[in-house]
Amino acid sequence: MAPAMTSRIDVSRIRRIAINTGGGDAPGLNAVIRAATLAALARGWEVLGIRHGYRGLLDGADPKDLIPLDADAVRGITHRGGSILGTANKGNPFEFPVPQPDGTVLATDRSDEVLRNFRAHGLDALVCIGGDGSLRIAHRFVEKGMPIVGVPKTIDNDLSGTVITFGFDTAVSTATEAIDRLHSTAESHERVMVVELMGRYAGWIALNAGIAGGADVILLPEIPYDLEKVADKVRRREAAGRHFSIVVVAEGAKPVGGGLTTQGPKEVGREVLLGGVGQLVATEIARRTGKETRSLVLGHLQRGGSPTSFDRLLGLRFGAAAIRALEAGEVNVMVALTPPTVKTVPIGVALERLKVVTTSCDTVLTARSLGICLGD
Amino acid sequence: MAPAMTSRIDVSRIRRIAINTGGGDAPGLNAVIRAATLAALARGWEVLGIRHGYRGLLDGADPKDLIPLDADAVRGITHRGGSILGTANKGNPFEFPVPQPDGTVLATDRSDEVLRNFRAHGLDALVCIGGDGSLRIAHRFVEKGMPIVGVPKTIDNDLSGTVITFGFDTAVSTATEAIDRLHSTAESHERVMVVELMGRYAGWIALNAGIAGGADVILLPEIPYDLEKVADKVRRREAAGRHFSIVVVAEGAKPVGGGLTTQGPKEVGREVLLGGVGQLVATEIARRTGKETRSLVLGHLQRGGSPTSFDRLLGLRFGAAAIRALEAGEVNVMVALTPPTVKTVPIGVALERLKVVTTSCDTVLTARSLGICLGD
Amino acid sequence: MAPAMTSRIDVSRIRRIAINTGGGDAPGLNAVIRAATLAALARGWEVLGIRHGYRGLLDGADPKDLIPLDADAVRGITHRGGSILGTANKGNPFEFPVPQPDGTVLATDRSDEVLRNFRAHGLDALVCIGGDGSLRIAHRFVEKGMPIVGVPKTIDNDLSGTVITFGFDTAVSTATEAIDRLHSTAESHERVMVVELMGRYAGWIALNAGIAGGADVILLPEIPYDLEKVADKVRRREAAGRHFSIVVVAEGAKPVGGGLTTQGPKEVGREVLLGGVGQLVATEIARRTGKETRSLVLGHLQRGGSPTSFDRLLGLRFGAAAIRALEAGEVNVMVALTPPTVKTVPIGVALERLKVVTTSCDTVLTARSLGICLGD
Amino acid sequence: MAPAMTSRIDVSRIRRIAINTGGGDAPGLNAVIRAATLAALARGWEVLGIRHGYRGLLDGADPKDLIPLDADAVRGITHRGGSILGTANKGNPFEFPVPQPDGTVLATDRSDEVLRNFRAHGLDALVCIGGDGSLRIAHRFVEKGMPIVGVPKTIDNDLSGTVITFGFDTAVSTATEAIDRLHSTAESHERVMVVELMGRYAGWIALNAGIAGGADVILLPEIPYDLEKVADKVRRREAAGRHFSIVVVAEGAKPVGGGLTTQGPKEVGREVLLGGVGQLVATEIARRTGKETRSLVLGHLQRGGSPTSFDRLLGLRFGAAAIRALEAGEVNVMVALTPPTVKTVPIGVALERLKVVTTSCDTVLTARSLGICLGD
């Protein structure tokens, strides 16, 4: 998708705006909502919160899915995880899933409903907080004439156009703390502990938390791993009197050659079903080294909880910047952190390509300097 | 096992004592080691740390598994998880596993070796930090004439004779924090989150963390659960506009009737293999309520990490009390918290029966008052 | 005050109860309020929250100071610090401060107003959460015929009749974490760090946090300190190559002889004004040892923040137990932790004497075993 | 000082390098030391740690102030606060304080000693971790021919040339947590809480933590404050039923006009002595609004404790980058974060001017959008 040009709207006519959040949870969502709401109210605008993505704008929506946001509604929410607007979206309005009598599900375009109700509610602009998927939908609504400012959200830090997004620091912090906890047990029990972290396509959480937590091995989606290299690292530590190892695996990590393992495919299938790549790697390490090995999937713990001060601040800055962008007449843009400041970039910039770990980035070089095995 | 009478030793002959730790990790182990070491040194005694249970006292032991403990060796360890003496025990000396040429494993009594080496190293007494299993072994060594003071250790808080043991508060704290994190995500995603906590026979961690974390359902080994009651709780919350639920499951929780589920036994077997009782419960809730459900096993995170201030203090008090007991000539006793003080009780008292949750205890009554479903 | 006998009320007539909180903040207050409210609602009783002590029951009270508590009102508050009922009491109703035209303040007995309004609002009983002062007032209201169940609250853990109260564990935890932070800076800067903790009459916070945090010196109200002993401890550490020391001082710590220092009284007065006993001790250590010394007053940080899982659970157990006591017809009692259970004791028991640190308690013995200087 | 050009050294001759740290503590120092050490060892270089700045290189230095760093020496230190090399510098070698017989202190240039001993120990380059002061000294040593790579360190985030430095995120995090704690107490006690944070010349800690923690007023060195504006903010909140306020004050905040207050200078002097600008502001707010007000100085708590995952990672990246710079032959440079990568800039760039808060930066705009009073 080519980055669309930034558009402009007539600022003088803004009376009422809406805010929604889409996709998975990310600590800091409430900070964005609070700052955007207060900044809009300070300009004399009214604010509506659309609950659960675009759910409140579909025909026949529950009135409770469209709530007025005033100062009271956003009080004391900065430090709270989750989203007061919810993220339990039931579907992309452009391809809304409609169950058919025969049991199948049909994708239906309900975007016109959304647009019509948007106008019926007297809305002049939308602040859309979302990740890759949500921003793509926003982009299509822009093309249909809805003025939108996007706020990038991704726990995985894989969106282009912004150096970082809120939620990522909290996820890394939670994961690092978990690795810290595993260290003491791994050492006194003389075990290999494998912990599987989030990151389907980009390994930033695993890479950053793995380095910060002192992992011995870190496996990423971007660097195909060789289990023999991993086993060898464990063996070399053993030989050096270090009778434990910590292995961090991103959920999207893949072995060299694309196959999942040297075992037969059926076995593989069962293993994957059992517990994902973390358990698979643990089983293989145990088999190859004879070491007692345990695995753990950190899962949703990485999405929840109170945001770090970093994510609170970034969320608040993003929310305020989104309103400043609207005030300046900018739409079809996304706020973005380009240190030391928050600027705007065309929404399309974020959608061009995934921001993945490159093997030449200084963080990877740091990992190698520390003697961490990256599986290659 | 009948509680053995407390024995006495001739204190005037104590010159050198040993400390060991057995069984699984528990935050606070290092606090016990530090306090016992410093208290012994202050009395002019020498201290040896036996690494990995009794490993350092077996014939042919690695000299590194028997280390002198001075003030430097125990400096700055109170706040560290794990155990500087390790807990990677390779076997009960009374039934030591010896692999045979034909591939089988034979249980061999190597307790005499331990006793002989204990004396050969000039040791006059042992401070043994351990749970049910380790204290049973200690009890047998006492019967063979080894002067021992026990320090109770159990993450599950299921040892009798003491109101509480170190490690439990940290485990509950870690689990509560995890439940806090799941809350925000459960609510904004409108999901049921099932979290499986430690507790094979006693449900204290699940009960305490579940109440403190605001769980809606708590399933314990002591109260057989009825999945229909659980599903009903989720449905009633849904009807009341609470579109999410938090379900806490102790790993030893069992359904009414002893069967694991209403599904056939083969299915059950597979499910249990897949992820334990937590995943089983999650699957059933999803099936019965139609709600999106996720499960998570907290696992070893509960054993690791820096101990809470409560566990640090309790560990230090236990360690110092163990040395006071030796100084008073007491052996075959275990230190125990009987608030407000730490006293000694015969080791056998801790071994009589497991301290499980009773349905009439005020904590269970509290859970019911709060409207928490206990599965019955 | 002699402990009054436990009284009984006719349970069958309870239709509506009130809850109030008095005195300083303690983490866990909201847990008590939540549990007491839900437990009362479950019995079909109505619940009113009286804001700011008895403020809402004085003649001419702001209607907002008397709020109905239902399930929604107490949702999601367990983990929140502070009190949804506030603790900004404006005065003891028995000696209410009334400013006079001439500028003086007259103590007036407004207790009859409180009693009259209590009945006018159809209240049948009061759950009063408070410390020494609040429970004394409650005791007097009991004597005037108001049925009351007390819930003990003291950050300092100095109330008799209960092994521990909520809030204390959080305060110790916060203080221990602060001491942890000071350790690294003290060591790398080779300084003496003095931290002043709460505890005017009882030194439990300082004693427990000091031991858990690895302090080198702990000064308590119960053990008069000799500054030369303190300086000597710092000097001995210096000589042993330990170029830093951590000194924990309870705010009520006093020097031997009752005088504040060897300096003249005027100087003393100024110093005390400047920063309390912590700064005084720091100044003297610097003067006597020549070491660079810094002091810090932790202050209100110890009262705030999210309660630990321990305090959440204890608060919830206390709240539920208070309602069970009412249901059993008990009044003029206080709920109390006598492990492993929560029971009731006559309110007067808590008022007999302050629970202070005794020099023979095992925690003090532990401190001495660890080589901690207690100033004597 | 004009930024010196980057110099180059002959890499092939590097056999042994040194690392030192200067100035105040900053969480993350140990991460830098670990990464630099491991990265150097991986290149076959030897590493010496110079304790306490340049102390170990002065004539007659204690041999213990110069320690060989191998993998064991830097094991398990990433998450530890403080610096294993210490920061208790006794003086700038170019102006070393030498006490004279008459009681005065004479500044003596001992830089030649340092240079001579540097060479005598066979050192080929120095990694110098320090702030403004230490980097200035490093710059002068560069001019004398010592090959140096600098690593920027400032808790206050006021160094130019790098977007951020390690330690700052931990300080903001600690301060935000403290503000969180004060919130609950301020609200339930209906008080104004004033908390004084670090920041003598730059208000970044106060600004970031104040916003993240939800402060109502933030006073910075860069924006002279008008106490009447502050009092007015408190009064307006009171009128709106918000009976508490949180005021964050950077230690370097100054009133409009440069005078400290409207009170007479003697009074001012005493107040400042009493507790710094925080207490002064608190006293004035109480006087002008009649509200109960408390103040707190967070002090050294901001420098201590375990670094956040952000600071651990940044420290590790900086340490590794410093060695890559040396390997590339660069000296007289400083590593710097220019997201997404760590690069090098001439040391002089960091010394040109202090990086202070500008009133047009988006973080200040965010504060204003949120309705936070900045005292102007």
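Labels A, B, C and D are assigned to the chains in the order they are written; within every chain, residues are numbered from 1.
One rule holds for everything that comes next: a residue touches a chain if its C-beta (ideal position, glycine included) is under 8 Å from a C-beta of that chain, and two chains touch if they have at least 3 such contacts.
Computed from a predicted structure; not experimentally measured.
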Shortest contact path, subunit A to subunit C, counted in steps: 2
Fewest touching-chain hops separating subunit B from subunit D: 2
Rigid-body rotation angle, subunit B and subunit A, from Cα fit (steps of 5°): 180
Reference subunit C; chain at largest CA-centroid distance: A
Between subunit C and subunit D, centroid-to-centroid distance (C-alpha), Å: 36
Mean-CA-position distance for subunit D and subunit A (Å): 32
For subunit D, residues that touch 2 or more chains besides their own: 177, 180
Arrangement of touching chains [line / ring / star / complete / other]: ring
Each pair of chains that touches, named by its two labels: A-B, A-D, B-C, C-D
Interfacial residue positions of subunit B with respect to subunit A in the complex: 24-25, 27, 29, 52, 80-83, 85-88, 174, 177-178, 180-185, 187-191, 193, 243, 273-275, 294, 296-297, 299-301, 303-305
Footprint of subunit C on subunit B - complex, ascending: 34-35, 38-39, 42, 76, 78-79, 163-164, 169, 172-173, 175-177, 180, 208-209, 211-214, 308-310, 312-313, 316-317, 320-321, 323-324, 339-342, 361-363, 365-366, 369-371
